[in-house]
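Okay, so subunit A shows up in both of these, paired with subunit B first and subunit C after.
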Partner chain A sequence: MLLLIAPYAFTQATQASANDDIVVVVNNKNPVDKMTRSEVIDLFMGKYVAFPDGNSAIPVELSNEVTTKEKFYKALVNMPLSRINAYWSRLRFTGRKRTVTIQASEDNVVQYINKTQSAIGYIRRSKLNKNLKVVFELNE
Partner chain B sequence: MKSYWPFFIHFLLSFSAIADEKILLSGFGTLGLTISDSDIYGYRTDIGSDHGVFSSDIDFLENSKLGLQLDASITKDTDVVLQGVARNWPDATLDRFVTLAFLRYSRSPNWTFRIGRTAPEIFHFTEYRDIGFAYSLAALPSEVYGMIPYRHLDGFDISYANRFNDGTLRAKLFAGISDGDISSGSFTEAVQLNNIYGASLTWDYYNWTIQAQHTQAKIADDTSSNTMLRQQLSQIPDFLWPNAAALSKRLDLKNTKVEYSSLSSQIRLSNWSITAELARINADNPIIPKLNNGYFSLAYQRDEHTFFSYYALTESDNYIFNEPGVNPALFPELVMALAGTMNFYASNQQTLALGWRWDFATNLAAKLQWNMTDIDANGGTLWINSTDLVPSESVNTLIFNLSFVF
Partner chain C sequence: MNKNGLVIRLAIVIVFAASIVGFIAGQVFFRITYLNEMELGNKEIYQLTKTVSSTASIATYLEDKDIATEVVNGLITNDIIRGAAIVTDSINIGSTGFISNQNTLHFDLHSPFEQEKKMGTLSISPNLDYIETRADKIGYDNAIALTAEAAAITVITLVIAYVVITNPIIATARSLHKIIPGTSERVVIPEYHNESELGTLVKDINKLLDKTEQQLARERNLRNEVELLEKRFRMLFENSTAPIVLTEPQGNILLYNKAFSSLVKEMAIPLKQSYGPYLIQLFADPKRLENTVQQAFVNDETATGEFKLCSKDKSKTLWVQAVITSTLTTDYKEYYQVTLHDISKRKKQLELLNYKANYDTLTQLLNRQAVETAIQSFIDNDTHFALILMDLNDFKPINDIYGHQCGDEILVHVAGQLKTGLRKCDLLSRWGGDEFVIILPNVSKKDIELVAQKLIQKIRKPFYLNEHDKSVSVTACMGVSFYPKGHKSLHDLVKSADQAMYSVKKEKDPELYLRFFDYLNNPDRS
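Moving on, here comes the complex of A and B:
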């Protein structure tokens, strides 16, 4: 019996883990299909806020309370959230960068990207819907 | 320029009132406790401060500040930013309080144009040195940053950013005017810089940043204390002090060209990060000697804790009175005043600092830093001197900061 349960449990765990993977998404109508890690870093770290085709992007940020944000930056640039906030405080309070759009939940990120073609955000894979397109996977 | 500020801010606020999307109010601050152990040299963050922390002081003024910022988006391409910083300004006017007040236009991801009051990008940290939460150190090396009292640029800048070789290249040109206070402790004067032109080039490649900066400016006018000294010099007959009039003319700070250059690099390797900067200040007036400054900083970060250290140095030539054909015994006070003026900017000291930053919340950090500074004789420009003596001295300074953003 244990031998039968074990593969099932493994499959379930793998599936749950896959659903918890964080993916970077854009609106389905956005012509961009793929982004490199370096391009995603530049965009979310405010270094060059554009898609690979040169068009302006609107990065959608999650509020600090959402755990996906912490996981995203840890996986992307290996920095804890406090250091990300320190980094962004430099860009914001020197007036180098415009303030980013902040959403309170992943569902709100999904809604925002659904109606904004130039928006880009990150969510757990389980939050994907047919209006969104994955352009980068953090486990790549 | 000061009298125009209320009108300019009103103008920007009018723009923000028609902001189509949102107005965001945010802020930053530091509550800083500083203690030091010298009776002669009082710690200060830069030469703009008229306030020194001496051995008997428990000080909350020198490193404390509070900033408020208003961001207003007007259109997709245009926004307005207003920022005020309250700190221990020697001259606490609206002009000093306003640190940012600009209108920005970003037509594409590559080009950004700003007009109004911006933060000067002279050396690596000058743009954000008052935002303590943004960097690991509790206090930046005064050997590099202590000689710059200027905290705003009234003018415009143009930035260009693009991807380059799998990294990001950013170039910025700026122009304008500025002013700041320079204090000897007993005497504080506002110094205005005109015709400021600067360029900054930054290359970001993953965890590596390299930056080169150059700024040049002209001092708008002579300081009143220097004018008094020059007047006295020019009245001395030639047979007592040959070429006194020519010397007086050479010491005139009006239209003195000052150049600031910096080369810096930051690299992050796993938990370690290294920051190094070489900076130089150069002027075409003997009162401001060539200043060669720099630091090397090493930090180790583990989760919410960062342990850091740096070694910083500033060095310049001291003036020793040897004017040809002059008997200094005839003018003891004038010779002393001349030597004091000529050595005012001659900073010579080095600091070894150790510290710890603890991010105990995502927007709140506690920082502790111990500075061990060796000041050379006649080299304590960056400190408030409580006496007429200028001896060499080793000074310990302990800084404890709570820095936050909201």
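Moving on, here comes the complex of A and C:
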């Protein structure tokens, strides 16, 4: 009852440059080719633990120090990181566990997804390689 | 205190009005309070909803029953909420026994990350009982406050009304009540009311009192004048020596003075309320009075005349000059004013004079002049009568022998004797010297003879002369004439009687004393 998470109007305003915006990627072998924003949100905010096709998904999270993480959430749900963290704290308090793997850098994310077919993560476009497939673009 | 008094009435009205206004205001306030409380309740619910909405959103977003239950339980801990429920496509979390009804408020719950996405509904039923109880409590408090306020205002109004209005009015009313109109007392203007309507009222009252006083003074003066005038009139009326009476036309006496009551007393008649019209019962000859009065009134004149009063006391003959006036008042009421002037004394003197003129001083018989007048009136009325002329025999020698004194005594004796032998209607007079004339109306010769015989016998009775210690006896000769029997005048009658009498005298027959005059013409028939 005393939660202070105010849902603000969702806008897609982001300061990322066109050539270096953030993209949501999966392993090339993953059957999922395209995802909607809602599907991305549902996976990262813990509503679902599987892709829309029913295969289980492992969201790959960056550690808090990486600025891309902040930019990602800003672009996805227009919320500062603190709010996102508070959201998770709130859920943890009620006993709900997040099935997520946390990587220290975007390069680690790339490596993890390269070897994990069910993983899904977010990186700057500049970090893309041939083993990854973009399912959602967070451009303006 | 007077229960109809101003203070009580004012108090009743104010208390009554305050109670009604208080009651209505209480009802209105309660209604307003109730509506306010309902609105407030809704507002509180909205606020609570806002507070829990993010958590509720999360619960619906994640379709997390635990979080939803937590939100619902959290909501129903509020007094104002009776029940709550969070419903999505897949979960339905409600408080115990929650049923949605027409008072239930529904809020859409959106995804915390995508505002446009509706995830479920939060339903909240307000606790109406609680709101009502709260409204009741506030209403009750308000009512108490209103009552206290009304009571305070009532008391203050009463005090102010008493001090500012009622008390001065009561004081004025008492002051006015004590004042006797016509005196110099005035109502005092209550303090601080010099310029108020009450002050004006008091001033006006005092003006009225001024006017009343003036008027009463004027009336008093007028009354005094009238009293003085009345006193004078009364004096005039009461002290009048002439009896004055005011009567109604039927005779009812309205006013009479002392002189009148003395007159009635003198007449030995009881004082009555009425003696008939114009006191007619007091008069000896009411017919004459009535004629006089009516004749005068017909001619619109004052009736006057000399009348004898019918005194019960026979020793007193009262004569009055009566003046009877008919007066018509301004309101057309008729009154008779009767004024009587006592003329008894004058009448008596006149009678005395009359007596002296008509009667012989020695014998108290009618004198010659009086009997002549009487005879003339008989003649005028054509009354039949006999005239006896009587002459005493040998009276001259008696006079000469015994003196005139004795002669007079004998004459008086004879007169007395003759008087006893006659009827009331007969007239006896001394004709002169020793001659007497007797008039006997409606008699026959036979009657005359009897009367003459009786008279002769009476005068023949011896008369004792004290002075001379001697008895004398008187005889007389009588001549008789009749009216009319050929006589036209008094003179003829007397002459005839005289001739008859002389013829008797000449014969000097002691047994002959009477002769009718017609004997002289025809002696055989007599």
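One rule holds in what follows: the second predicted complex is superposed on the first by the 119 of 140 C-alpha atoms of A that agree within 3 Å, B and C clash if a C-alpha of one lies under 4 Å from a C-alpha of the other, contacts with A are read in each partner's own complex, and residues count from 1 in each chain.
Keep in mind that, in the parts below, a contact is a pair of C-beta atoms (placed from the backbone, for glycine too) under 8 Å apart; a residue touches a chain by one contact, two chains touch by 3 or more.
As the structure is a computational prediction, the values presented were derived from the model and not from experiment.
Asker: Which of the two partners, first being subunit B and second being subunit C, lies in contact with A:Ile41: first, second, both, or neither?
Answerer: So A:Ile41 meets both subunit B and subunit C here.
Asker: Could you let me know whether more residues of subunit A are touched by subunit B or by subunit C?
Answerer: B
Asker: Just subunit B (first), just subunit C (second), both, or neither: which does A:Arg98 touch?
Answerer: Touch status of A:Arg98: first partner only.
Asker: By the touch definition at the top of the document, which applies to A:Tyr87: first (subunit B), second (subunit C), both, or neither?
Answerer: Once the two structures are laid over each other on A, A:Tyr87 reaches both partners.
Asker: Which of the two partners, first being subunit B and second being subunit C, lies in contact with A:Ala50: first, second, both, or neither?
Answerer: The answer is first: A:Ala50 touches subunit B but not subunit C.
Asker: Once the two structures are fitted together, what part of subunit A is touched by subunit B and by subunit C alike?
Answerer: In the superposed arrangement, which is not itself an observed complex, subunit A uses residues 38, 41, 47, 87, 90, 94-96 for both subunit B and subunit C.
Asker: Per the contact definition, I'd like the list of subunit C residues that touch subunit A in the complex.
Answerer: 51-55, 57-58, 61-64, 66-67, 70-71, 74-75, 110, 112-117
Asker: Going by the contact rule set out above, which residues of subunit B touch subunit A in the complex?
Answerer: 24, 26, 28, 67, 69, 71, 73, 79, 81, 83, 100, 102, 104, 106, 108-110, 114, 118-119, 127-128, 131, 133-135, 161-163, 166-168, 170, 204, 206, 270, 301, 303-304, 359, 361-363, 365, 405
Asker: In the complex of these two chains, what residues of subunit A are touching subunit B?
Answerer: The touching residues are 38-39, 41-42, 47-50, 54-57, 64, 78, 80-83, 85-87, 89-90, 92-96, 98-99.
Asker: Within their complex, state which residues of subunit A touch subunit C.
Answerer: Touching subunit C: residues 1-7, 9-10, 37-38, 41, 45-47, 76-77, 79, 87, 90-91, 94-96 of subunit A.
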